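What follows is one structure encoded as structure tokens, with my remarks underneath.
Each chain carries a letter (A, B, C and D) given by its place in the written order, and its residues are counted from 1.
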Amino acid sequence: MDDQAKQNAINRLKSAVGHLQGIVNMLEKDTYCIDVIKQIQAVESALEKTSQLILDSHLHTCVTTAIKGDDSNERERVLSEVVEVFKWR
Amino acid sequence: MDDQAKQNAINRLKSAVGHLQGIVNMLEKDTYCIDVIKQIQAVESALEKTSQLILDSHLHTCVTTAIKGDDSNERERVLSEVVEVFKWR
Amino acid sequence: MDDQAKQNAINRLKSAVGHLQGIVNMLEKDTYCIDVIKQIQAVESALEKTSQLILDSHLHTCVTTAIKGDDSNERERVLSEVVEVFKWR
Amino acid sequence: MDDQAKQNAINRLKSAVGHLQGIVNMLEKDTYCIDVIKQIQAVESALEKTSQLILDSHLHTCVTTAIKGDDSNERERVLSEVVEVFKWR
């Protein structure tokens, strides 16, 4: 992954950590359940954006290198990994 | 898309059409709501598998061609499209 | 389910059927993969809205009846079903 | 929310915090992108299970109270909130 994408992803994950710690506080203070669920869903959205960012960098680096390379097994492996994370649930 | 993937995707979509028509019948016969919702969720799963199949073929054809090609704008366009459909909601 | 919600859900499912048949045509005419995937994702969105509509009606009918009723097993069953379809993947 | 569900949810969120901090370390050590994405997706799954747990408790407390109560506006508000978080993306 290039350095900018890496730093961006790290910052987003650290922000998600802070968000989750805030949600723990909300629960300890007996915040209304629906408000807690909405905050958890906001963290999930932030995590998905982070995954998207990492995938973008991955496509520009490893996937591009593998496709340009001569090793067809490596190409297959790399492409099948992208398909695998595409829909993961 | 290669012919086999195309035919596979068409077959899966036609099967999803039949499944949805069955769910319309379920609603007309006042089937229990939760059972209807579960069937709709099964169709969504089938559609996601179909998208995954199409993406797999797309990576092996258009994306591979673009990455090997000389047009950097085209490469960027093709990679950004993959990121875009990765998380779409 | 009340009649209005039922008819609304049936109309949305029939519309999704038409949409999917259009996507089959797109595939047969070799439409660009990414455009096909986006259309499939649009159908998934429409199906989720339909599920939401059915759940709304279910909460106002069966769930309300069960909660007001005297049968605690029935109450448990109905509430656990809602939790089950909440996150299904 | 009842105390047991609350403590369970807090524990799960704290575990997700630890998991995310581990993923930050993975990124700092240049772990392979796909492995990072899979770990992020595992945290998302854990968060969805936590939401499900909170919803379960919410249905047994606030929603049950509202449905048994005399205030129809309150009932409507509570049911529409459940529908709203059902599909949030």
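One rule holds in what follows: a residue touches a chain if its C-beta (ideal position, glycine included) is under 8 Å from a C-beta of that chain, and two chains touch if they have at least 3 such contacts.
The shown structure was predicted, so the numbers you read here are calculated from the model rather than taken from an experiment.
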Identity of the chain that, by mean CA position, is farthest from chain B: D
Euclidean distance of C-alpha centroids - chain C vs chain D, Å: 21
Whole-Å separation of chain centres (CA-atom averages), chain B against chain D: 28
Separation of mean Cα positions, chain C and chain B [Å, integer]: 17
Set of chain C residues in contact with two or more other chains: 48, 51, 55, 82, 85, 89
Contact graph of the chains (line, ring, star, complete, other): ring
Footprint of chain C on chain D - complex, ascending: 48-49, 51-52, 55-56, 59-60, 63-64, 67-68, 75, 79-80, 82-83, 85-87
Footprint of chain A on chain D - complex, ascending: 1, 6, 9-10, 13-14, 16-17, 20-21, 23-24, 27-28, 30, 32-34, 36-38, 40-41, 43-45, 47-48, 50-51, 54-55, 57-58, 61-62, 81-82, 84-85, 88-89
